[in-house]
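Listed next: structures, encoded as structure tokens.
In the two assemblies presented below, subunit A is common to both, partnered first by subunit B and then by subunit C.
Let's look at the complex of A and B:
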């Protein structure tokens, strides 16, 4: 009897472990299922190379923001100001290098633009990181206030599109293959950094248990500053990509993107509580969001006004699946 | 790091036969107006399990923190292998061969066993100017630490939150071993553990002593120290009132020493 019970326990434990592994990597089978469903229901969405390229190209800015948010989340923190950083860095740099009537036109050199946009993102990110990691301000309050300040600063600067930008400055975001390449390189690069460097593992350690990480000798305040700095720079590059995609700096650049970035990260399996998830999964999350968005746009059944609601439902389903994962974890924990 | 480096089993201890591994001479530690330790003289021999016991506030944590580099003594001198040493921080103590396992274990629950063991000391390999974590080496070395030094069989790829209290304690000891220490200090290693888990930890610590390590435990539990320790140092109000052995002291004697600073009748 006890042997049977033992065998049953083992079988249950194995099933739980298998389920857990499946749920941790579920973004990829889900993506596959969604793509198959789209091929059946809305085949024109993915019918040509160009349509697939367009989906990915449109997803580049949000992809970079998802990456930024994912790294923050893995460290046990989050950044509400990423969309606003994309907006301010994009607008400020557009004002400097643009030739529109409202622009300052300080320089028409694209490299000044590249340097400046990255520097603005870096500066805001480092400041956020310092306030959270060293001063000890709550990440929600710090980045919420900076969402408002930075977004407000962009509006105060200019409420009109910034135009007349150097062609080289808009080049990276305006060429689909280049833009998609930049996004993929960023994901691969940070995927490798997170897995194969001590810094990457220190981010996971900080996200899993900040105090323990400190006790094993990790300078968690430095990790936090670095994470927010990376987040700021990636957000600024997202601003550059939006600028390239549209050819101008739109007046509302960056608005509302932070919600999509959170959704992409969560759907991609990044834990909201830190320490768990892979940035490659987050890439899956970005692709899933973009593919669904595109299919909805092409659908004759669902109107444009319903798209946001459908996006919300997709996010909700993802959250439900991940809470199943949490309950399985709890069950395994309770049995140990 | 190779496992040979990390395994002192077959090596002759560096200390000479009559030299203590750690010697504390006239150590005093004052926090503001509070004298936490006063004129402590103590010798801890190699390949022994030395237990420090005492009531709350007796000074055992302060002494442990001095030996592990968290605090510097206000006065007095610590000798290691006969050399006077000054630890300004835990990393100085680590460089000298002293590792500490704190009571909260400092484990990262979401990360697996091998990652926890080598967090802070990952083996790397160079790729041009870059130093990248060598995961193959990480898992190999972690397996050897767990299997050969701790004599256990744990799945290295399982996240540590899934392990029992005793196993978690062993994983924390495994991380200390990854730094290739001669001395391991453990703060309350069996508090909140079941009887089985306590026995598991005791068995492992005895095993490590056999492998040549010097082990210092700080404990509230008199049963623990009587079962495990070769020598027992009793602190009372910041003073070391006696160093004894389990053969020379029973539960009642230790209780008297802890509560009154004297053996009693």
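Let's look at the complex of A and C:
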């Protein structure tokens, strides 16, 4: 009898674990269902390898921003300035290495460009992290003010495209396979870091409960600075990818991307409250958003005026799923 | 009771009016001759009467000495970019040519700053104000305040909701879209003379944005008139190059190649160009497989692409004329008596058309060219918008025939 009871308990525990695992990876079955629906409704969207490649290529900058936001969210913080950092780092570097009439043309060396763009993102990220982690400024206020400052700085620099960029500088973003490769490598790399390194575990711990993390010896302020630094660097690389994609630095570079990045992270299962979610899930969120956007764009039935509304509905459904997932998870954990 | 500042302004304007009158008499008597030429005679149709005004490089105001020279304030978005530089710098050049003191104040992308500056111009007794309105409704109270103080205000490029201003000078986004549509029809017939029907794509700006709506609607209305042209899809390019490029290349890859693509601004036009390049579908005009491209806006980047034959036509604005036109009308307005006097008599009436034979901007040497030598803003119908007259400047179509001409702002300011 007791053996039977034990077996039943183990089965229930296994079922709960399975359910929890399923909930954590819910993005993938959802993505599968959406892809099937798109194959039926707008088949031309995914008809060829080139179609898939174009969707992923277009999604590279937002993918990197989703990754940046996901890491911030996992630490229990968030960064509203990611799109603006992509914009400023892209424009400032473009002005330095470009040869357009408005550009400064300081150097035409691509490696100067690579170094500078990363450095700008890193500097802004570290500053954000310092203000949040050490000075103690609310992340919303800090990153909102930097969104405004950084976006304003980009506009002040130039409102026309920065052109005449070194061909090597635009190469990574201009070649679909290279750009997609960079995005996938970034996701895999940070997926491994978050799962298998002390730093990754410290980020999760800080995101779950900052005080407890401090009590077990984690320097949370260092973790926060590091998280914002990573966010800044990834945002800058997103700026580099947009630059490569268009071959120039567009004047509106980085505008309107922050909310898409939040949506991608949340749809991918990253908790808004920190400490929970997987980087690979965020990748699923990026792919889901890009595939849906592409299907809406490619459909000859749905007009431009309806797309925004449908996008809103998709986000709303994602939020509903997220809430449902949270409540199911709470119920399972409460019952164990 | 008249406050001191208003009395001061009235006296100043009375003086200006007097000097202008004296110089006018001298001009009719053939005695101006100061700079040995470049005299400009313009005629303004005004309520059935024809009024003749005379201006020359050594203007009447200049000859009156510094106390008689006009002082105008100008508030606008001025940051970076060659389009806005052309728009603002042309105002400075024209003021310099005409001996007008011009105080240019950047609005720093803030309607509050713009409101403060308009009020400051009015309080300091400037003779007139030009406003490139930052937010349509926001500046209304400040503009009304200035008008009530007797300081005339004219808006350029972006209009105000105030019905009190004597004139707005700007381009019609709807007409621009329509012209782009007409260019599309013409180019489709030239590129594909044997085709019976055509498929086109409309890449529009931000959903809900007024100029984006008008630019798109103007184009679509022309397409509707042609039964053999189908607009397959309207793509929201959000006025951004990367968005337009991404969406256009995905659409074409999924749905096949259209015969023509219209883009609602220069960034999206460059995005469409990039999309076709990425897809290996970029061919020059006249070559097999060329997709007809028309768009709004020329620019230093767009004009060469038109010249090379990748873009068939771009509909551009005469942006470097906006402020000189407004400044000239402001000057005439003040000299005719201003807000409290007969200023309105010099403003063209709605439902008339101003042409270069009636009104023109004197050319001057700037940036290595004879600026304003071709009056590309003409003809300009006078419409009514927000309860005030609107001098709706003509658009200019950039084609392979004129893409490198110095009267296109992109060829002058883009090469600096």
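In the analysis below, the second predicted complex is superposed on the first by the 307 of 336 C-alpha atoms of A that agree within 3 Å, B and C clash if a C-alpha of one lies under 4 Å from a C-alpha of the other, contacts with A are read in each partner's own complex, and residues count from 1 in each chain.
Note that contacts are C-beta pairs under 8 Å (C-beta built on N, C-alpha and C of every residue); 3 or more make two chains touch, one makes a residue touch a chain.
Because the structure is predicted, anything quoted here is derived from the model rather than measured.
A.B. asks: Looking at A:213, would you say it contacts subunit B, subunit C, both, or neither? Reply first, second, both or neither.
C.D. replies: Touch partner of A:213: subunit B, not subunit C.
A.B. asks: Residues of subunit A touched: more by subunit B or subunit C?
C.D. replies: So, of the two partners, C touches more residues of subunit A.
A.B. asks: Check whether A:248 is in contact with subunit B, with subunit C, with both or with neither, and answer first, second, both or neither.
C.D. replies: It touches subunit C, and subunit B stays clear.
A.B. asks: In the overlaid three-chain picture, which partner chain does A:331 touch, first (subunit B) or second (subunit C), both, or neither?
C.D. replies: In the superposed model, A:331 contacts neither subunit B nor subunit C.
A.B. asks: For A:201, select first, second, both or neither according to whether it touches subunit B, subunit C, the two together, or no partner.
C.D. replies: Touch partner of A:201: subunit B, not subunit C.
A.B. asks: For A:45, is the partner it touches subunit B (first), subunit C (second), both, or none of the two (neither)?
C.D. replies: So A:45 only meets subunit C here.
A.B. asks: Touching A:108, do we find subunit B (first), subunit C (second), both, or neither?
C.D. replies: So A:108 meets neither subunit B nor subunit C here.
A.B. asks: Report for A:175: first if it touches subunit B alone, second if subunit C alone, otherwise both or neither.
C.D. replies: neither
A.B. asks: Taking the stated contact definition, name every residue in subunit A that is touched by subunit B in one complex and by subunit C in the other, in rising order.
C.D. replies: none
A.B. asks: Taking the touch rule as given, give the residues of subunit C at its contact with subunit A in the complex, in rising order.
C.D. replies: Those residues of subunit C that touch subunit A are 79-84, 109, 204, 207, 232-236, 238-242, 245-247, 249-251, 253-255, 267, 270-271, 274, 299-301, 414-416.
A.B. asks: Could you pull out which subunit A residues touch subunit C in their complex?
C.D. replies: 42, 44-45, 47-48, 50-51, 54-55, 58, 61, 101-102, 152, 155-161, 163, 242, 245-248, 250-253, 255-256, 294, 297-298, 300, 303-305, 307-308
A.B. asks: In the complex formed with subunit A, which residues of subunit B make contact?
C.D. replies: 90-91, 102, 104-111, 115, 119-120, 122, 124, 130-133, 135, 161-164, 175
A.B. asks: Under the definition above, what is the set of subunit A residues touching subunit B in their complex?
C.D. replies: 195-198, 201, 204-205, 207-209, 211-213, 215-218, 271, 274-276, 329, 332-333, 336
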